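Look at the two complexes coming up: subunit A is in both, with subunit B in one and subunit C in the other.
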Partner chain A sequence: MTQRPGSGRSDHHLRNVLVWWVVLSVLAEIGWLVAGPLLMPAAASSDAVFANTTIVVFTALAIPVALFVWVFMAYSLIRFRVKSRPSEAGPHLVASNGQQIAWLGITGALCLFLVIWGLFGMYQASTDPPGRPLIVDVTAQQWTWTFRYPSAGVSSNQLVLPVGRPVEFEVTSLDVVHGFDVHAFSVRLDANPGSVIATNIVTPTRLGSFSVRCVELCGLYHAYMWAPVKVVSDQDFAAWLRDAAQGSRGGAGA
Partner chain B sequence: MTSGTITADTARSRRSLLFPSVVSGLVLGVAGGLLAAFAVSRFASGDRALDQVVVAGYAGWTLCFFIGVGAFHHPVRWGFGRAEPTHREERELAGEGQGAWRYFRFTTDHKVIGIQYLITVLVLFLVGGLAAALIRLEQSQPGARFLPPSTYNTVVGVHGIIMIAATIIMISGPFGNFIVPIAIGARDMAFPRLNALSYWLLFAAIPVFLSTFALGGFDTGWTGYAPLADQAPAGMDAYAFTIVLFGISVAIAAVNIITTVVTLRAPGMRWSRLPVFVWGIMLSVLLGMIAFPSFMLAEVMVLCDRVAGTSFFVSAFGGSQWLYEQLFWFMGHPEVYVIALPSLAVVVEMVSVFSRKPVFAYRTVVGGMIGIALVGCIVWAHHLYTSGANTPFDGPFMLTTELISVPTGVVFLVAIGTLWRGKIWLTVPMLFGIGALVNFIIGGVTGLYLADVPTDEVFHGGMFVAAHFHFTLVGGMVFGFFGACYYWFPKMFGRRLNETLGRWHFWLFEIGFYGVFLPLFYAGLHGEPRWLAYIPPKFAGANLIASMFFGLLIAGVSVFGYNIVSSWRSGPVAAANEWGGNSLEWTVPSPVPLENFETLPVVTASPYDYGGEASGPEVTGPSGPVTAPATEA
Partner chain C sequence: MTERGGAPDQAREGGGARRAAGAVLAVAVGFALVLGAWAGLRLIAGLGYEPASLTAARSGPGQASISLAVYPDSYPCHGSASGAPGGGADPDWVTFCPTTSLRVPAHSLVTVTIREYDTATPLHNSFFATVRGTVNGSMLLNGRPVRQVSADQVGHTFTIQTPPNTTEPYLFVSVPLVGVSGSAPNAVTIAGHQYPKPNVIRFQFRTGAPGTYIWHCYVPCGAGLGGSQEGFGGPMGTTGYMAGTITVG
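Now for the complex of A and B:
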């Protein structure tokens, strides 16, 4: 592979395009770092905060790469465009080994960074926070959710959780595959018939109302398979469990 | 010596025109299907009776359709040791002297089959697009407005599987058949009858699939996840049987294309001179041949569960939903590269021709495509990060999934390097090629979040995923297909497509496309699940914007359709070398004669040798060596 020595004119094009690339990248990065975090969804657990950070960081990394290609293409299309069928060939210009190795090396290094970041995230999500987690059994069936608190003998159609306490969901299904997902916690696991599988342990960090959604197509009323999530204070949670336990016992007698 | 015209025996031809043809195929097929269904209904009982009757009907239809269309004629003749077909019979089989009627018969000419594929793909896109319109209509308003949930679920599944099937074949079918043999300097495919068989299998699958509407549809979406598939209405049998037929069609086509490229290249067509487009097609069908059987197998198992009561996917009887998911995605992810490879290859081809410059790094981009095909086989489990199936796979599959962006990235190096300082002629096909590259970057970048295990938990099963793969499959790949249509239409039909209409098509589609899918990224980021017959009010705004911009997509596609029909009927006559390309398909006249080349060409240079020592490859034509110069005015 050979490359003709670049003429002075070509150097001037190269300088222009690199200047455009740097300027646009800096502007886009500033814009993204200001606007990006505002676009992110509400995060109500540390895992969700980390997921949002990941999205912001990956995008920030991708911006200069994407712009490199876009700016080169746009510059070429504007400056080297001919208006009608070209009457002569362009220069016989092929990649030097150095250019190819640099391209492969840089894209490879970026990929490696993403992998390491991801492995770190996986490690972080799988390390259990201190303290005994609250266990909630999640049972999906067409097309409702049931949440059981085995420690209190309570079942409910809404998911009520105390703030700041680690919780582990044990997820199963009675019929087909459903997808258990609390978007605000960034916790998600398929509900599989015949197996009970535990999610990562997550800790709700914000009081408020969220929702469980089903994210696997599970038949006719898939779109209706939502359940409310309430993150409440410890006292409110204890009070709710007490009430619910009485309700359950009464319900069981009926 | 071959140019002595053989006058077709018209009386004989006319007698044999109706049988065999698609007409006799349809008649016999419907009769056979009804007969088989009726016969089985005498014995079938219990709650699987309907599935048994339906599947018997499909089997009867398929067998009798192929008898009627004449697919067994020559194999049977050969099997009984009758005389080999004469040259004249072969030419008749290739459609000589049958006019337009040859498109409705079991015709072996690769050019006829290419055009059959093209029309079929466009029809499939139309049906899939109508389903997309219904989806956008339903999601334009919060709540359940226009379609009942069962209809909506079926429409989503129909949209998905039709579009996936159409995109798998959209380039390999029409252009892989029409262009590849000419571009390598062959007179036809290696197995012309198998070629016809692969097309008519696709054709036979379409009525099977559409019958789903009469059988209650299917509510699994295009992924057909079991065990939901086990309990779905009888419309599910249509889905499963279609996949089996489609899978056989794809496998036969793949064997044919690979054999053709390996064995029928013209003298001098070394691997290092093979057009990038041919590499892309060959690697794509090779990958499809590896990936598709597992999906076929999964659907055979679904049919067994449904028809015979086995329990491959019923966990209460030892089956597993994960078995289905693994088999499905073992096809499902390579399949996106099956779709991507030909499209990227077309784009590289066009960028070189319309910049009048060599492919910036030919060996590296071919190596990159081989790398995509290899690594593409080992990324499927990223669809199972959140399935609960296989945590040990998560890390390695995150690595391979992110790694595949390295060979894919080579395409972009080659694109910008080839454009640099070129004589860029921004024709309509080039416009679509550039659009494909621009859009595909957004599809690729949004894929990074999905490749990452922790963030995939945010997105999996959500609208973000849907927007992401539409950016790759439509923004990247279908744009490549549109480019290929504009690029090779003059060769295939001998007429030019209207350029102004082509530019309208591009801009309407591009703007409409961003208008539809950027809001859906946002809705998905904020937690909208996929497949919703019922949009919660929280996501109403984004979905309404998406639905309104869908109008631009309809407008763009209408312009495209009008352009094709009007140009085909009365467009200006195209030159043999419409764009000034150097590959072999530009050395033959348009429209291309039956046996492509009068004398087989001898290739002496790469088709991308722009501005090099020779100003184009020398091709030995019928009247001595002719040069196909890059620079003709």
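Now for the complex of A and C:
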């Protein structure tokens, strides 16, 4: 913004603001790039890793933009404060063509980058890996999740998956709308009564324990509607399937 | 700054007084809202009806037992103590009695006996027709061990779940409670009301470190009772009837 052409005091203030902006941006960027990845939730699939990376990168890009506004505002509020109401209007501000083109160009380029990044991520998420995925039927009801492995005839209240094997969840609800969310896999969609919706195919990429949560308010015990997720080795998964199948075949009926 | 005499000063002082009064009023209203919310929550005792706890009786070293019953209405434990008709606010609601707040010891073998007086409602999810998480993966139904029942013979379930974000050991126990026949004759009188001879279900599970768990019935037995939600409304969504807590420790 141009205040009065040739005003030395204006250049002085502008220089101060820009110095503050650059210093704070550098400090904030360093802090975020060090601490940001540590704050991200566990990622157990390539989609989840990409989601976490996206958050880190987008925040890193947003920091200097946000600070640009905040530093200008804070500097103005502090440096140009007065105790009483001013009796005359401030200077007439006129932006040059070059400044406007620079502002629009920089912000436009940033937005374009974000769009391309997002499209790339969506393309990755929608590309199915080769081979047949493991199908898991997910049933939501007030207030629990149950999982069925049709290929093995096994049902469970825990979601157990083999590492490195693609899996597709087919999700439905028996009563109200629930939200099926496995944050570690970056999988989330509604569980609707009367319909079965398939998620994108995801591949668990690391061993560990995670959780399924309901993310759609569904009644009194919505907060308790969760289930453990365990990603195990192929051998452990096969053993678990065998044990679960034996357990479900026992006993006489009533 | 141009000084024009007293009028602008008086205007500024009047505006400042109004702003101060507005700030005080906003704080007072906010405090009143918070106080009202707190009082309201205390009035309704949190999520709703929260009955007193039933503590499991010690039956030996590291062993305890607890007895419950499930009725097709609320008279036995939501009515008056004398057994006169009452049933609380919703006498036609199915309910577990004497309470839904249970306390069992930690690191113990807990034996649960449930008398089922209600008839069957077809399960939406056959997963709950199988006994899960108990000792030996089975239960005793009228003295006979079973691991699985027919999904259309289940009256209610007693299903214990672990809350999320907790440090207590993971616990999942689910037992189908076989319903009595719809044509069974009334054989007992409880709280001034008659019920058929119950099915007696007994099972055992082990507790670990102290913690708090929740339990539910997962049969859609709330159909037509205070809301739809495919049978999970009414008593199914109200503590003190078909859902409660188990405190271990």
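The rule we apply is simple: the second predicted complex is superposed on the first by the 232 of 254 C-alpha atoms of A that agree within 3 Å, B and C clash if a C-alpha of one lies under 4 Å from a C-alpha of the other, contacts with A are read in each partner's own complex, and residues count from 1 in each chain.
Note that a contact is a pair of C-beta atoms (placed from the backbone, for glycine too) under 8 Å apart; a residue touches a chain by one contact, two chains touch by 3 or more.
Note that this is a predicted model, so its numbers are computed, not measured.
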{"item": "Three-chain arrangement built on subunit A, subunit B and subunit C clash or fit", "value": "clash"}
{"item": "First, second, both or neither for A:S186, with subunit B first and subunit C second", "value": "first"}
{"item": "Which superposed partner A:S87 touches (first subunit B, second subunit C, both, neither)", "value": "both"}
{"item": "Touching partner for A:L174 - first (subunit B), second (subunit C), both, neither", "value": "second"}
{"item": "Which superposed partner A:T139 touches (first subunit B, second subunit C, both, neither)", "value": "second"}
{"item": "Partner chain in contact with A:N157 - subunit B first, subunit C second, else both or neither", "value": "second"}
{"item": "Contacts of A:Y224 with subunit B and subunit C, given as first, second, both or neither", "value": "both"}
{"item": "Touched partner set for A:G108, first subunit B, second subunit C, both or neither", "value": "first"}
{"item": "Most subunit A residues touched (candidates subunit B, subunit C)", "value": "B"}
{"item": "Overlap of subunit C and subunit B interfaces on subunit A (superposed complexes)", "value": "84-87, 175-176, 193, 211, 213, 219-221, 223-224, 226"}
{"item": "Subunit A-touching residues of subunit C, taken from the complex the two chains share", "value": "1-2, 47-48, 124-127, 130-132, 137-138, 141, 144-150, 153, 159, 161, 163-164, 170, 172, 174, 178, 214, 216, 218, 220, 229-232, 236-239, 243"}
{"item": "Touch list for subunit A against partner subunit C, complex", "value": "84-87, 139, 141-144, 146, 148, 155, 157-158, 174-176, 193, 211, 213, 219-221, 223-224, 226, 228, 247-248, 250-254"}
{"item": "Subunit A partner contacts - residues on subunit B that touch it in the complex", "value": "144, 149-150, 152-153, 156, 219-221, 223, 225, 227-228, 231-232, 315-316, 320-322, 355-362, 364, 386-388, 394-395, 398-399, 402-403, 405-406, 409-410, 412-417, 419-426, 434, 437-438, 441-442, 445, 448-449, 451-455, 457-458, 460-462, 522, 525-527, 529-534, 536, 580, 609-612, 615, 630-631, 633"}
{"item": "Subunit B-facing residues of subunit A, complex", "value": "1, 10, 13, 39-41, 47-48, 50-51, 54-55, 58-59, 62, 65-66, 69-70, 72-73, 76-77, 80-82, 84-95, 99-100, 103-104, 107-108, 111, 114-115, 117-119, 121-122, 124-125, 171, 175-177, 179, 181, 183-184, 186-190, 192-195, 197, 211, 213-224, 226"}
